[in-house]
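I have a structure I would like to understand better, so I am pasting it below and will then ask my questions one at a time.
Read from first to last, the chains carry the letters A, B and C; within each, the first residue is number 1.
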Amino acid sequence: MTANGLRQDWLQLRRDLILHRRALLPAALIFAAFQVYFVIAIQHPTLWLVFTCVYLSFFTVIPPNRDDRFGATAWSCTLPLSRADVVRGRYVTGWALAAALFVTALALATFVPGSKIPPAVFMDPDRLLLAAAVATFIIALLLPFALRFGFIGVMLVAVALQIAAALLFVVAKITGGQNSVEGGIAAAFRALAAGVAALRATLSVPVFQLTLLLTLVLVNWLSYRFSVALFRRRDL
Amino acid sequence: MLSLVWKDIVAARWLLLLVIPLGIVQVAVMSFLPVIYIVAVLSFAALLALGSIAVEEAQRTELLWNSLPVSRGQLVAARYLTALIGMVTGLALGWVLAQAMARLASSGADGPSALIGLDAHALLFGLLACGVAVFLPLYFRFGAGRALLFCSAIAVATLLLVSLLAELILSAKGYPSPISDPEAWRAAAPALMRRLTEWLAPRFGRLLALFLGAAVIVMGVSLLISRRLYEARDL
Amino acid sequence: MSAEPTCVLELDGLCKRYPGFTLADVSFALPRGYIMGLIGPNGAGKTTTLKLILGLLRRDGGTIRAFGLDPARHGAAVRSRIGFVHDEPHFYRHLTVAANAALVARFYRTWEYETFQRLAVAFELPLDKRFGALSHGNRTKFALALALSHRAELVVLDEPTSGLDPVFRRDLLDTLTELLQDARTSILFSTHITSDLERIADYITLIQNGRIVFSAAKDEILERWALVKGGRDLLARLPRGYFRGIHRGAHGFEALTDDAAAVRRELGDSVVIEATTLDDLVLYTTESEADA
């Protein structure tokens, strides 16, 4: 990452925030209003964290979708930027938005009267890594298809995720011999949690956290490379 | 007006060819999970109802249709008719699939649930109709992007209002609050659900009919409002 | 039974207000069977005027009568007799040309499939190609073919020839002239390419900053308006506002007058009076606004 590359990313981030502020600000306000309700209603910090990260991950596709609608994607590619630079700019903007919204959610959880999310939650590196993992998983899946196919791509990913999750649960029901699918869901999550806990115990906590962090960075990088490959094939 | 509905179908046919098979798989698989099935079938029906709007917005063909010999009233009415056809098709497909999947299920533990029955789909139709009745006037006044934003704001505001009302009603009836006293609520909730079910069961048919009638009236009022808004709009 | 009005289009005191721009007191009439050119610099209000005629915008004042009807109240009836070409035609990019045409054709009772086929062949339109894959020029040709395929009594063209090659532009102008042979069809043609209007237009309307500068028969305009050239000392003696738009050079001036006969009488041989073109009219009247 050169100094020029960083400068280009900053300029693209700035451009996206200026161009799309009329859509992002109202959406962020609605997100904040929902968070006010959510932190009062929900007692389970992990559930709050996962749901919030899923919600804010979908904000990352707002700038590319709006650019497609207004024909600005083609214009971006006429600037002295390569397609890889444009894609990288999208990821930077996406993560900047996600981070800003996450900080907003944390602030609301801390300061809203009646909030059931204890501030200690935010000091826990495991929970922060979980948030990063959820956001990474969704953004890594969403952005390549959003950049290549636009709104249809976002829809495809959302539907594919639902179908995959439902199929997994059905498989868990059949193979696990569960009497109810709800039992199968719980069993699947328990198995996942047990696997992660075993890995954590094997590697020791700091090594596990570092490994997880590096894995997330790798997933992001792979998603970025995939996006570049798809975007290069797109006629504008 | 039927020509306008036809053009919505033709214009969105690639979207429909994508949405319908995926939606069928999604709905069929999720019929094993009744609560999640409701979300799946609602989103499937909503996409069928309003997907052509996404195509129109992306292709910017609004000016084209308004330059043809059709009145704005006809454009509005056709949009509502398209939405109605989409909703009914989506929900009907969902119901047929859910029944078929439930009967194919090997174990009786996951047999047909009341949540995927005809009454439930009728209720979903009413809910969807109310959602469309809110969205379409905003769409005709502000365009699809801003309409979605306003609808999100309305949804969050409704959620806040409903939870506040629920708190007040529960408090008036002497029940603990699920927000401020969750432990007591968890203990009292089963008894409350039982009482609610006992009260609702004999009246459900009538209430459902009333709700559906109200939803139809709301759609009608929404159509009139949309027409006024669209006729007053500069393109 | 009432007779059809002799003017297909009558605008009287038309007014539309936007923040930062006002279309004010726009009045002109287009007789049946004639071509009117609508000219003016960018942002003058040409497209706004055309959209008001089609009923796409609500007017803030004045009246519009198209075929004796008000487009605001009888929009569908008016538009069934109008063929319109937008400056940027938008159709479904993922559908073929033929599929787009089939969608539009259903809305016109007077649609003539044979005419559309004939025009598609004449315009060399690939009917089985996706609209999104067409060049800008071909998209305009497609929009033109649609506009001319339902026996429209008024054809309204918003910058139709920009993006078209000179050969097709010539053919299009010939096609439009042929349309007028039946004395039933009228054409309202907004364009920057004024040479096209000098070839075929009967009437010219110049709009500037939302106001009509003139609306009259082309021959009358080209007779009344003229370019005047003379020395700078002469310019200093003339009252301000004597000319419409002045170019000052090192040794003399070029200016536009809307009364060539009067200038000839008053200034005689001290100036050279030359015929003007529509381009000059737009150029000099625009600079006249800037000068003021």
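Here is the rule we go by: a residue touches a chain if its C-beta (ideal position, glycine included) is under 8 Å from a C-beta of that chain, and two chains touch if they have at least 3 such contacts.
Quantities reported herein were computed from a predicted structural model and do not represent experimental measurements.
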- Task: Determine the shortest chain-contact distance, in steps, between chain A and chain C.
- Result: 2
- Item | Chain whose average C-alpha position is farthest from chain A's own | C
- Item | Central chain (by mean CA position) | B
- Query: Which integer distance in Å separates the CA centroid of chain A from that of chain C?
  - Reply: 52
- Item | Length of the line joining the C-alpha centres of chain A and chain B, rounded to whole Å | 27
- Rounded to the nearest Å, the gap between Cα centres of chain B and chain C is 47
- Of all residues in chain B, which touch chain C in the complex? 3, 6-7, 10-11, 14, 55, 59-61, 63-64, 66-72, 74, 232, 234-235
- Message: Which residues of chain A touch chain B once you look at their complex with the stated criterion?
- Response: 23, 26-27, 29-30, 33-34, 36-37, 40-41, 43, 66, 68-69, 114, 150-152, 155-156, 159-160, 162-163, 166-167, 169-170, 173, 179-182, 185
- Show which residues of chain C lie in contact with chain B when the two form their complex. 51, 54-58, 75-77, 79-80, 84, 86, 89-95, 99, 103-104, 106-108
- Query: Contact residues on chain B for chain A in the complex?
  - Reply: 15, 18-19, 22-23, 25-26, 29-30, 32-33, 36, 40, 47, 54, 57-58, 107, 109-110, 145, 149, 152-153, 156-157, 159-160, 163, 178-180, 182
